[in-house]
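Residue numbering begins at 1 within each chain, and the chains themselves are lettered A, B, C and D in the order written.
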Amino acid sequence: MQTSSTRASLAVLRSAPALLFVAVVVLFAILAPRFLEVQNFANILTQSANVAIVAVGMTFVLLLAGVDLSVGAAMYVCAAVAGLYFKDLPAPAAMALMTAIGALFGAINALFIVGLGIAAFIVTLATLFVGRGLALHLSQTKMVFAGDPVLAFGQGGFLGISYAVWTMAIVLLLALWVQQWTPYGRYLYAIGADREGARKAGIPVRRVVFATYVLCGTLAGLGGFVSFSQVAAASSGFGLQKEFPVIAAAVLGGTSLFGGRGGVLGSVFGAILIQTVQNGLVLLNANPYLYPLVISAIIFIAVLLDSQRTRILARLTRRQIRIEPGVEARRSTAT
Amino acid sequence: MSSARDSAASERAGGAPLLKVEGLRKSFFGVEVLKGVSFTLEAGKALGVIGENGSGKSTTMNIINGLLPPSAGTMAIDGRPYAPANSKEAARAGIAFIHQELNLFENLSIAENLALQAFPRRISWLPQIDKARMRARAADLLRRVDLDLSPDMLVNRLAPGERQLVEIAKALSGDARIIVFDEPTTSLTSREAERLFALVAQLKARGLGVIYISHILEDVLRLCDDVVTLRDGTMVDNRPAASVTTGHLIESMLGRPIAELFPPRSAAAPRQEVALDVRGLTQPGIVHDLTFRVMRGEIVGIAGLMGSGRSETARILFGLDPALSGTVAVNGTVIAQRSPRACMAAGMAFLTEDRRGDGLLLPEGVLTNVELARLADLRTNAAAPLPQAMLDRDASEAARSVRIKAHDLVRQPVLSLSGGNQQKVVLAKWLLREPAVFILDEPTRGIDVGAKAEIYGLVRQLAERGTGVLVISSEVEELLGVCDRVLTMAHGEIVAEFTWPELDRAAILRAAMQRQEGAA
Amino acid sequence: MNVTRRAFNLGAILAAGTVILPGAVRAADEKTIAIMFDSLQSPFWVTGFDVLKEKAKAAGYQPLESISNLDDNKQFEQVQSMIQKKVSGIIIVQTDSKAVIPAIREANKAGIPMVHFNRPPAESDAKSSAVQADNRAIMKSTVQALVDKARKAGGKYKAAILIGDLGDQNAIQRRDGFFDVVDQNKDIIEVVARISTEWNPDKAFADLTNALQANPDINFLVTSSDFLLPQIQQALKIAGKWKKTGEEGHVLFAGFDGDEGQYAALKDGYMDVGGVQNLFYEADLAIGAIEKMNKGEEVPKLLLDPGFVITQETLDQDRDKMWGYAVWKKANG
Amino acid sequence: MWRFLRRLLTSEYLVLLLTALYVLCLWPFAPEIVSAQTALEVIMAMLPLLLLAIGQTFVLIVAGIDLSITSTMAFSSVVAAALMTGDGGYLAGNALAVPVALIAFLLIGLAVGCANGLCVVRLGMPSFMVTLVAQTFLSGAAIWFTSLHSTSVSIGDLPAAFSVIGRGGIAGIPYALLLCLVVAFAAHWLLGRTTLGRWLYAVGNNPRAATVSGVPTGRVIIIAFVLSGFCAALASIVYTSRLETGTPVLGQRVLLDVIGAAVIGGVSLFGGRGKISWVILGVLFLSVVDKGLQLLGLSQSIVFAVKGGVILLAAIIDALRSRILVRVAA
């Protein structure tokens, strides 16, 4: 039973996150004159890159109905090792090193989660502590500085776009490809929707889950690299509680914590939205006390829109038994 | 692949049957559940397999599917020994299963579901799905099952019947030569079922072998060339469909005349007080203008195909789903704001069709489950202490009265009980409240014959104590056996009413299958 | 059920043992000092922690460490543990000036002297001593020195300040010190960006970049802590404003703390003025205060480290007082 | 030997044994760990954590999660402190200051819990996001509020009648301990002996079955969040009076400890499973681990690593335990 008005509201709800983004942009554009400049958007993208990259890995984990609380700790471990022992590595090598350490970190998580069947929440909570402890131990809690090649990566760019944004774009494209075009990506959704059914359908569930935590660790390492190249130094607070903005970005982008729903594009979008608000507030020279209030309000609106959308979609797509006179058949609207 | 098929064809020419099963036996923990089952399936033929739940049908099928190894006996495909170690090997041997519970992923597209086992690739070293090929293949398969849908459509937008057809398409995608249908029509509308039957005929014509398992005996007789009947793990009958009637089949299935399964009807006529009075219940797209009554002490059945609105009616009556208009009264009092709590307060009880999903707290014990519905009646503050001793006593009493078999009523999780005992737990939960109106949706689904008979007896007893009972069932025999009156639903309306002793199976089914006027 | 009962009883006995058994307290054969920080987030605290440990060892004490992770309640419990260890004294960095008072009272009760390092407690009847850099004053003179340079160079200035965590008193005092001076000089200085860093380098970098985007003409920059220098350098470099004094596009820049980064930035000519906390002096004051209190001498409630301001011009003559220089020298030979 | 180990592993009170084992291991290195003083301090340290964990347990039982408890504490702490502080508080010097402030604590806790619950139930938002937003918002609001009422970053000078709650006691038993005992008993009783308790478990186990069986599912979930907010307010009272200060960063770091303690005790994150006695043991375990690390005076890095290792170890043992239980049942 769809009338034109419900269909209109459905259309609005479908594009709710985009509309919210537009609303935020328009608001800031009116209030802050320099907000709309191209360079400012480049800044926003550059600054959201590290969270966005980690959020891509987190999205894959969330699609499986898992969670990884240890991403911030993994970032810190990667930065500490790279900054302490491999300071003179050229940027690509440093990047490879940090992603490799991240992958190792993820593999340890995966080992406990898949091998011993312990809840991901507990495993990653524990590795969060162990990881931070390890990094603090390595750095003796001192600030770890990035090497010059890494700094150059953070400052430089290609075709006027910073390397961080290029990295984010490449990760996003690759992740989109993996998500949409590879068997692995499709398995993620299948397992997230029905783990037992996936097993019955012959999907290598354990291998996929293992790979996903490794991937999440890998991207945490890469995100750590991008962040490290930007902030130039890792103090004991590097990556601290990063798991919250990362998960928030994913959920904001429409990924469900219960698995099987969402995708990486939305997560990157969520990260950019949060950073846009942050950026706008700075450009407004707003009272710093208001930052958390405004940001939480906007996240609230986004989550509210998403939940209402899900509800209404569920109601509208409910199975019809009767064909009521005067109402179009379901088929025509479903396609 | 093609060479394999050629050789198979040549062997078939040699006269070996497509599938030959001989002397299958299976024991669990020393209990023999399958005591020698033998049959053959020829190419281009359909074999019906019938039997009550627990008769050994699913064990047989699990053995064929490679999920269970037989304790004894052999199988052969095209004359070559066939002993699958798992379902993958079964699939490789050309056997495909269409299960009653569909195994589709709602968040994936039709094409993806069809290709999930082996996504096509364009370049062998690059794990990239060749979407064009996947789509083309899916379109081809959909055409073969006569389903006019875009392969890119997400499965969660499909009607149950369409999902069933997708599942069949999935079976066809594996180049299957034997397709096993396990209760394929339970979730189909009559039109969809017709479509399925045509498809089965097509498959046969193409030289595939079909094993068809169903409770709907008419369908079995209509579709199949031979019918195998199982009872208590033994094959009691195996003969051409042309030579039997449904009456024969039922008797050989039960091993006794149908009547014994059901409790005797009470001699006394139903009382004249109205227990449940439903008027003009309408919810657009779901049900239309339902009006009926259930007297105290009367058992009324609702027949209808899946998708006729019978289960939806029950949910609306119990306040779980909304209705646009209409009234529901219990013992003469209209329930103003229908919600499960309000309906329970008025004296309603509701045993849902999904026992595990809607009925039970699986990790909890029997008593906790039985007491749950009672809690709403305690006319005290929710934070006030529970009359624990009284609750436990009553619940144990109720559990005993329905003869739940569990070694520990407190600690054993109901998860570990058999289906019949689980259902008795749900029954006990509602009996504890002495309901004035009891709605039972598929009360015997997935339950063995013994438990079935017990449940019928309990329902009858309940009615004799003055409860108005509404039984919804897809098994017409069940309604014939227990009900005093049967309402038939189709496309959300009551289309016929029959009163005992004029309950006529054929008439009920005919009414249930009628089409909605004006439907495209 | 038997199994559970029995295991439970066993466990209960063991647990009860932990409560009832009178502990065989280890003979206090060595003197210890508790060094209790709330975090080690910046080089200032890390170096302070190390310097305190070294000075304690030099004075013949075994240092015991604890970090509360900005949790005053956890620190209160840690203080109790240290009292139980019968330390000779406690040097503490609390997060909140008021929330530490109960901990001081506990120490008073046990007769253990307590010295607050760099953050004094709020007014109360509890007895302790505090060693502190005069944040507001040092920041005032630092910013004043920067303003003087600005006046000398002439022109109008757009200013930005990186503020610390709004929940941290030192951050607040430094911010206030900044505004004390800037508000007096509104004729040439307009504050266009107040960047709330929450002591988070990530945020500092991002928001400074944003501020430079909104106001590309920022040419007067003050940070509340040197530990954000790497991020500031990075952000300025990207904006093309990391220039030495005298070069085109140089930003008048002041730091605070006096760490090795500050020394390097002053030496290389990127920073104009630095506010320095005299860490060595503060550590000596702290250990000395504990020894005095243990001898029963009266120690003033507040031992002020006046700190000092260092500029490119005074760098060579004053650098030996600068703790960051010592660290820098060690690292760079 | 194997049988004995199996018995130990399958015991519901395994965590208690782990605690004892941990104490035994540390004994040679920090003899003070076995003393009445330590026991008392561990108990005192446990109390507010326990209050929080008990509140969290209600939410976990209905398959939710409450991340907002720490900022609920912080916000109620500064608001109540602003009411009663001698330093320009609204009710400074008034005899009613303390009772009104106590009511303020509780009202804020209840209100936050109620708002969380309503968002989850009526608006259908995931509890993780709702309470994460509440956390960010309230912590920002608490800092802002403080800046309006105090020149520094916290609000001190609280009346003696208030701070006595955190430190005083009757007959040597601290008030905080009494409060905690009352709450623990009440929670235990509520979960085990009342209709509401049954409903909480039912909703967590299977919300659909609960609804069909006449459980007011929505209301029960809201109540769980309200109870969590209430417990957070009680914990805030204990913390605030112990520190004699209303601070907007109160308990900022204990969130994962609280959830971790509940889960280590055996409360399921997926709902329907949890007992107060388990939670007490989980909190005891983490508190003893913390205390031991404090007494050793180790560096921060080792503290982190040990803590993580211990959590992981507990989880591994728990996984082994469930495997054995499955094998025993089969």
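Following the convention adopted for this analysis, contacts are C-beta pairs under 8 Å (C-beta built on N, C-alpha and C of every residue); 3 or more make two chains touch, one makes a residue touch a chain.
Keep in mind the model is a prediction, meaning the values are calculated, not measured.
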Most distant chain from chain C by Cα centroid: B
Interface ranked first by C-beta contact pairs: C-D
Distance between the centres, which are taken as Cα means, of chain C and chain A, whole angstrom: 34
Cα-centroid distance, chain B relative to chain C, in whole angstrom: 71
Mean-CA-position distance for chain B and chain A (Å): 42
Multi-chain contact sites of chain D, meaning residues that touch two or more partners: 143, 147, 299-300, 303
Multi-partner residues of chain C (at least 2 other chains): 40, 166
Contacts with 2+ other chains: residues of chain B: none
Full enumeration of touching chain pairs: A-B, A-C, A-D, B-D, C-D
Chain B partner contacts - residues on chain D that touch it in the complex: 189-190, 193-196, 198-199, 201-202, 205-206, 208-216, 272-273, 329
Chain B residues touching chain A - in the complex, by the definition given at the top: 87-88, 103, 105-108, 112, 116-117, 119, 127-129, 131, 149-150, 153, 156-157, 159-160, 284-288, 307-309, 312, 491-493, 516, 518-520
In the complex with chain C, residue positions of chain D that touch it: 7-8, 10-14, 16-17, 19-20, 23-24, 31-39, 41, 44-45, 48, 143, 147, 152-157, 163, 166-167, 239, 242-245, 247-254, 288, 290-291, 294-295, 297-300, 303
Complex contact set, residues of chain A against chain B: 1, 177, 181-184, 186, 189-190, 192-194, 197-198, 200-203, 260-261, 317-325, 327, 329-330, 334-335
Contact set on chain D toward chain A in their complex: 119, 123-126, 128-130, 132-134, 136-137, 139-141, 143-144, 147, 256, 260, 263-264, 269, 299-309, 311-312, 315-316, 318-319, 323
